[in-house]
Each structure stands twice: as structure tokens, then as C-alpha cells.
Amino acid sequence: MSDVSKQIEIIRRLNASLFGKDFLLTWDKSIAELELIMAVAEALRGLYRQNGSARCFDSGLAVSLFRDQSTRTRFSFASASNLLGLTVQDLDEGKSQIAHGETVRETANMISFLTEAIGIRDDMFLGAGHTYMLEVAAALDDGFKSGVLHQRPAVVNLQCDVDHPTQAMADLMWLKEYFGSLENLRGRKIAMTWAYSPSYGKPLSVPQGIIGLMTRFGMHVSLAHPEGYDLIPDVVELARKNAGATGGTFTTGASMDEAFRNADIVYPKSWAPFRVMQRRTELLRGNDRDGLKQLEKECLANNARFTGWECTEQKMKLTKNGAAIYLHCLPADISGVSCKQGEVQDSVFDRYRIQTYKEAGWKPFAIAAMILTSRFKDPAGVLEKLAKGGRPRLIG
Amino acid sequence: MSDVSKQIEIIRRLNASLFGKDFLLTWDKSIAELELIMAVAEALRGLYRQNGSARCFDSGLAVSLFRDQSTRTRFSFASASNLLGLTVQDLDEGKSQIAHGETVRETANMISFLTEAIGIRDDMFLGAGHTYMLEVAAALDDGFKSGVLHQRPAVVNLQCDVDHPTQAMADLMWLKEYFGSLENLRGRKIAMTWAYSPSYGKPLSVPQGIIGLMTRFGMHVSLAHPEGYDLIPDVVELARKNAGATGGTFTTGASMDEAFRNADIVYPKSWAPFRVMQRRTELLRGNDRDGLKQLEKECLANNARFTGWECTEQKMKLTKNGAAIYLHCLPADISGVSCKQGEVQDSVFDRYRIQTYKEAGWKPFAIAAMILTSRFKDPAGVLEKLAKGGRPRLIG
Amino acid sequence: MSDVSKQIEIIRRLNASLFGKDFLLTWDKSIAELELIMAVAEALRGLYRQNGSARCFDSGLAVSLFRDQSTRTRFSFASASNLLGLTVQDLDEGKSQIAHGETVRETANMISFLTEAIGIRDDMFLGAGHTYMLEVAAALDDGFKSGVLHQRPAVVNLQCDVDHPTQAMADLMWLKEYFGSLENLRGRKIAMTWAYSPSYGKPLSVPQGIIGLMTRFGMHVSLAHPEGYDLIPDVVELARKNAGATGGTFTTGASMDEAFRNADIVYPKSWAPFRVMQRRTELLRGNDRDGLKQLEKECLANNARFTGWECTEQKMKLTKNGAAIYLHCLPADISGVSCKQGEVQDSVFDRYRIQTYKEAGWKPFAIAAMILTSRFKDPAGVLEKLAKGGRPRLIG
């Protein structure tokens, strides 16, 4: 039985549905729904590798709205959309009229007449990104119910202030591939730790996404960061509850060594303290350049106290058999390569480089699965038709 | 009989052809040709709603050239192109070499080797937009006749200094849907009025497009604006002649109340006086920033004398049974919402909000119809093949 | 027998393969491989003209990376990609994170998970463009071998510091069309000459591409430029060797008249001296604005000594029967049209204008052939399937 057929069977057995639902936060979804995403993503990857067409849309737009620079996520969204038959249309706020007082409600409808999916990245302003996505979603609901829209596009969170679900799901799928199954993740220790970077203002969504998701699969999640580098308290609380419910654990601490000790998986990554992001949000809103410069200066000075938070060969030796798997959402700040001193020692990164690429390689399929499951009532049926239709992706 | 089949029959009966023709001004087209556009647009919408594929192009580019910011029209053009199977390629003059002395003639050919449609928005410079489109069209004719181009792309006016045909046609189709038929529009009163906005320099193409088009369907068109806020005299003259020929009327006045009185339809919208646009064009050409600032100041001061030109609940009461339909090309300047005081009272806009969205929703289909009728000799035959081919837009 | 079938037979007879290979320099390819590109391009054009679909890809991205402004090449790449069924995704370094220290290796993989082709234009920095393309290619090899990428995208050089193969191949195909066959080019004299332009810093890749390619087809290639306006010495040396091996000749000189005398083909075009490009590269790297201004001033002053290097009617009279064919990559600096005094007299350009457009018209098909031959093992088989499949490009 092909890999695709196997995944189709799994999808049928799951009996979960994401039809008509947006993908904004992993913790809004049930375990079965998350497994549905993974099975659909794996089926799409299987189809791709056997040169099968995955075009379930004959036409349709996929709108991308990026409030921040991005290469990886932009290409992942473009790849996912293209794979399914959709065409990306950027909503560029520089070019568009959004900046000129147009309401979110109106714009959401105006861009959606023939649109099947909307991918949004909005991670700069704490308290704003997720809220904005909910506003867009409500406007689409309103437009669809009123007969303005002939279909309800799926909204996919490509990174917000709270969660980064396409990243976290790609990370999880990579761990599943690496360890062989979700079951094999149970009881594993994962260290989600802060790491030093000579920059500041990196979003919280990656560590939050990781502790919010990995605690649901029976893992022992160890969050570690220097004092003051807190995440959003609600998300930390959620991780704690998740862990309790799945037989896993969730601990927090202020020692990278402690987190690394005996870990199966390490995810060392820089982020800005929650309170700094709050101040930064206010300063950005007020367009207070001097304030922003002052904040940056303070933060970099504070960061500099923690250059020891680097994923070195020595620290890797603390992990299980000295051989934990290293994760990163990329790009990493590699000491001596991309900066003088950073998140990870060059020799460590180099050993795991290809693995981090494979980790990232799941993202297009994760996004495609989020779109497909939201727009099709019967994903298994769709995948079966695609597989049996036998239309090749490349002729010949 | 399905909606699509009905429209195909209508198209056959019309016996009109737009094959090989550009869509630049509605008044260049016969009534039968305008009805052809509407029938094809309705057939495409019908096909879309019954999940049928409208891809009549297997490949091909649709070039978009925007000389002005745009969200709506950009997405409408992208949606229309995608619906038919074309891929949008932006001709960005910032990125391209047009600004560097390249002739229009050469560029028009260079971007058209495998191109099926070119959508142009050029509404900033009075006397320039329509002229530019004619130049592009002539260059394409030349290239096609000389064997440079294997096909002659359709040029679609996405807004020029004179007309905004995709908007006006969408407005007309919405009125047709709302009132049930074109026949039901005969004898209706439509008030195309200026309205106050705390901005200046809004193009004349919308009011001109409306008076140029609606006067051809037996309506009573009332144009009203404060003294000095004239439209291009030629277009006003044309509206007058149209009305006479169709049993309708065309009147002009300087009172919003008079225009609204007993109106079936109101379209209150800000624009800059014709003479201001002329001065502005010269200043823009001369890159005279101080002059532009001075002009803006003068105009805003002049506008401020007419804040009473607001579509209020009180004014709406003057209309037929107090229940005229409110039109707007969006975005509207809504008092207390998008600005302190603007074109329309918030409660009025809110009551008609969903209807204005539906009005806008016709635009992608209008544009698609303009492309399809220009590039295919037998639109009815194409639509029949699409409908009978039965390829679904979404699988499953 | 149709034109397409004829080309398919030629492809089979050639017995050459470019499968899995990038197209970076024409001189890396054998004559049979170049003829393969031409035959595939001609087959694709034939297919296009008989309204046949050339979509050999059902989905897939074509990444475009332009380090310089471009209209023609951008549209040629977009047209070629679209023709084959691929969707262009721009890698905009302004928007992306490349500028922020990300390694080429990582980015090359991150943008390639579902990518079939990468087109790169990088001609500003002498010594950098070709090197960069080799780096990207090596990263893709690495990613493909490691299982990161499911396929190895084709890299196509859309202009580098050394060669401009899509231009030179389009030029060659146009000459082949014009003179009837490649055989008919043997013994022809082609004058590749510098010409005056009131600008500076134009890349060397066009003249280098021409002398590197045309010397391989038994032509007499005459390179002429004012003293000091040298090309990269290695490429000149290569042209000399090519000519010797094919029964042609390669001469260099400092007289436009001598080069034009009895020429069958003339290609008068401005470029910056090799040594100037070296200095400019250093200044650009050091972001030395004053240095760049000073260099520009010097160069323009030096250029001004050679305004006599203009392709005038008088100079055209020196050519074979006064009727040589005039080539240009466009846009040309036309005296009295795009500048006061430039590369070519207006009446000369005007006589050859349509021909230069036709010359350019080969570029999309040349690029499409480079992608198709790199990604498909059996191009003849693919073209046969497309031709026999009979799917129309336009319905009806």
C-alpha cells in the first residue's frame, strides 16, 4: 500500500473535521484535528514524491498579507498554494489602501470575492496580531452569510503575536518523522530555551507555539530563559495545563544547562522579553523613534549579560547520550558565521544543518493541509481522487 | 434551465461581438455590446456558483499596470484573470525601465509576447490616461500586424482620467440585479452627486462613468455638485445626448436636495473640480511640490464650504419613499468612522454596507467578461464548452 | 509534417541531453546541446502558434531573483514559466531576509522545496554574478543529495557579469530564422561594436555573450571598441579559440568603420570598460557614493570623446550591400529619441525596429527550452505528448 493510501486510511479513521475552520492557534484544535493536518500533509508529500498532481482547486486566489519581512514563510505559503492550484496575490499595504483608513471588514470582503485562502503574518505588535486575524475571520463570516462572498476563504495564521502554528506543526511533523511516530515522542524531554543573540525584538510566537503544542503529546517540556525573559503568562499557564492532561510535564527554569540535561530535543532560540514587547508595541504605535532606539540600547545591554546562553558542543554533551536533536526555525544566529557570537556554535549548527532544512521542508505541506482541510468537507475523498486520477505533476 | 444556459441563449440572441476590441470607454460600445458583457459576466458568475471551471485559457499572462494605489481594482483584475486561467504579471514602473525613457511602443510589445490581456489604471493626469491606453493599443496593433506578437492582447481600462468602465458596468449590473432587469431601470431617477470629503484630488472618472453609462438605459440622471466642481465638459455633453436618445433625461444642478428628491438611486461621492485636476496635472508634471501643497490647501478650504453635501438620514428621506438604493465605489468617507465628517452619515452607510459590497462583487466578473469577449470569437460557444465540460473548480 | 513534429525529429537526431544541468554560460554547452535548446524553443513556439498547450508542469514554482531593474527579462522569464505551467515567485531581497546575513546555501534550499526553476539576474558586480550562481547551484546539489529537496531546480542565468545566454541564444535563433538556417550563418561577418551612449556602467555580458557564442558557428566576428573599452580578457581569449576551431575568424580593432565594412550583421551597443567595472564593483561594495559619482563623471567625460561611434545611415552603407541586419538587445539609445545623441541614428533604428522586436520575441521560448531540457529527461517525448495530447491553449 502506498504512503498516500495509508494516510488516507488514517484520515478516515480519525473522523475529525476542520471544514470551514480557520487555523489560528494549535490549542484551539483537538488532538484528532492536529493529527488530521499531519496525515493530510503527509499524504500531500507522498503524492508529490510520486509525481502526482495535488491540484484540488482549478482556480482561486490565495491572498498573502505580511506585516513583516519574510522569505521562508512567504515561499512556504506560495508553495502550498501553488501545490493545490491556487494563485498567490499579495495584499501589500504599501501599495494598497489599507493604510488610508479603510476598515478591516471592508478590505477582507473586497479581496475575497474569488479567494479560497488568506495567509496572514502579523507578529510585531503584542496584543494585535491574533486579534486582527479574528477580525478578518469575523468579516469573512459576515460577508459569506450575507451572500457577498460565494465561499468562505480559510484564514491561516502565518505567525502572530501569540502562536506560530505552521512552524510548530512543521516542527512536530519533523519530530514525528525523526522519531518514527507520535507515540515515540511520549516521555521525551524537549528543552525550549532562550539563547543569546546580538539583536532584539524577536517575536515570542516560536517558543510559545512550541510549549503550547509539544505539551499535548506527552512530552516533558522544559522552558528555560534568563530572569525577565518571560513569555505571555497565559500561554505558559496553558502549557502547564496541557502537560498535566497528557502525562507529560512542563517545567520552567533559569538554567540552560538544567534544561539541556538529558534532553532528547533542544530548541535554543532568542526572543525578547514579554514586557519589552509590550513597551515596544506602545512605542511603535506612537512612532516614537527615540524611545525605540533607547529601548533597543537597553535590551542589547541586557542581552549581553547572557552571552553564555549559547548552544555549544559542551552544552550538547549534557543532552541524552550527547546526541539530542537540535531544532531551529531558521535563520539561526550562528557564532562566527552570521554574527560574532550568537545562539549556536558553528560546529553544532553545521552537524544539524541538513536536519533543520528538513524540519523547514514540512512547512509548505503543513500549510497546504490547513487550506485543504478548511475548504473541503471530505479531505480523504479529495486525496483519493487526486491519487486515483493519476494526473502527473510533471508530464512524461 | 440553469442560469448559465439562460445567459448563453441571451448572448446568442444579442448577435454582438467585441472580438479583438479593447474596453476603454463604455460610450464606445453599442447597447448590444454592453449587454453582451453583462450576459457573459452573469454566465461566469453562474458557472462559478455551480462550482464549474471557467478556465478558457490554459496558459497566458495578464499584465497589470497601476499608476496609482489600488486594492479593490487590483484584486478584481487578479480575480478575473485567475478565473479565466491567466496569470497576473505586474508591470511595476518602479522596478521596470519605463521610467528610463523607453518608448511606450516598445514596452507594449516586450511585455506582450505571451500575453492575453493588459489592464491599465492611469487616472492621475487629466488628458493623459485615456491617451496612454490608446497609445498602448496602437502599439499592440502594430506588433500584431507585423508578426511580432502571435496574438493581440485585450486592453482593459481599469480607470482612466475620463471613464471607469469596470466600475460603471459593475454598478449597472448590481442595479440590474437589484431591480430585476435592465427594463426595470427605465424611468428611474438616479442622483449622481458630489459629496464632501476632507481630502482632495479624487478622480472624475466615477461620476463621468456613471452619467456616461446610466443615461443610455432610459434613466433620469441628475448630476449635482457645488458651483465650480464641474466634470469634463465633453462627457457632460455626451450624457445629455445619450439621455435624449433613450427617453431618459439628464439634468444638472447645484443642490443635493433637489437631486435626491424622489430619486430611486443615489450615488453621493467626492471628486475634485475639473479645473483643479488640470492645474494639478501641470503641477505634478512639473514636480512642483510647493505648488501642489498650495493647491491642496486652497482646495481643502474650498471643500470646507460644502460640508453640508453629506448623505444624511435626513437627505435620504427626500428620496422615493425614503428608500432609494445607495451606491458607492468604495471606500466611502464615512462621518465619524473613516473621518470626522465625510460623504455619508454612519447609520446610512451601515444600512447599505452589505449592498455596496455586492455592488463591488460584480467587478471581477465584469473584467473577466471584457477579457473573454475580446479574446474569443464565440463567447457563447466557449461558455457552453465550459459548462458542458463539467470540470469542477473544486474537486470532490 | 508540422513544424513541431519536424523539431521533435531534430531533437531525437541530436541525441544530446541537458537533463539536470543548469544554463549559466553558452560556452559550457556543446554545439549539439545549443541546437537542442533551439529545437525545443522552436517546437514550443510552433506549439504556441497552433494553439497547443505546452504545460508540462501541473504545478511548481519558478523563482525569479533580480539584482537589477528589468522589464524585458522579467517578462520573458514570467512568460516562459507560465507557458510551461510554472508560477513565478519573486525573491525580493528588499522584502526577504537575504540582506540580513542569511547564507546563500540556506536560502537556496528554503525557496526550493516545491521549485522547478530559479532564474537569476546578477550583473552589477564584476566577478560576483557567475560566482553567485555557482554557489546557488552547489547549494541545490547539496540539498537534493541530502534529501532536503524532492527535485533539483534548474538554474537559469538571466544575465551575469560574464554572459547573457538567454539574450545571446535569442539573438542566434533570430539570425537562424532570418538567414534560414544555422548553416547559412557560416562565413557571415558580424560586427560586435561599442557605441556611444550618454550613460555609463552598462554591463559587458551582451558583447561577451555574442563573441562567445557567434564564434562557434563559423562566423567572422569583428569586435571593435575605442581603446580602453576592453571586455574581460578571458572571454576574448575564448572567442579567439572558438573561431579557430569552427573555420570562422575573430578579430579585434578600434574602428567602427572597419568592423562594419562588408558586415552581414551589426550589433552596435554601449558598454563600460572592463577596468571601470572593476573599480565600480569595489566602490559599490564599499558603498562609496562620492567615489561612484567621481567615476561616473570621469567615464561620461571619456565616453564623450567617442560620440562618433554611432550607427548612422552612413556607417550602414559600409555594410554588405548597405543592408546588414541590425541587432540590439533593447532598449537602444536612439539619437534624438531616447537621448540627444546615442548608439543609433533614428532612421536606422526605425527601419529595423520591428526586427529587433522579433529578435526579443525568441527570449521567452529560449528560457522555456532551458527549463524544459533541464527538468525532463526526454524533451522529444514531452513535446510529442503535448502535441498529441491536443489540449488547446485557448478553448474553442
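All chains are identified by letter, namely A, B and C, in their written order; residue positions are counted from 1 within each chain.
Operating definition for what follows: a residue touches a chain if its C-beta (ideal position, glycine included) is under 8 Å from a C-beta of that chain, and two chains touch if they have at least 3 such contacts.
Since the structure is predicted, the reported quantities are computational estimates derived from the model, not experimental observations.
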item	value
Remaining chains grouped by touching, subunit B not included	one piece
Copies subunit C and subunit A - interface residue numbers shared by over half, same or different	different
Centre distance in Å when subunit A and subunit C are each reduced to the mean of their C-alpha atoms	41
Touching two or more other chains - residues of subunit A	55, 87
Residue numbers on subunit A that touch subunit B, as the complex places them	55-61, 63, 87, 89, 91, 95-98, 100-103, 106-107, 109-111, 113-115, 143, 146-150, 375-378, 381-382, 385-386
Residue ranges of subunit A touching subunit C (in the complex, touch as defined)	48-49, 53-55, 66, 69-72, 74-76, 78-79, 82-83, 85, 87-88, 330-331, 337-339, 354, 357-358, 360-361, 363-364, 391-396
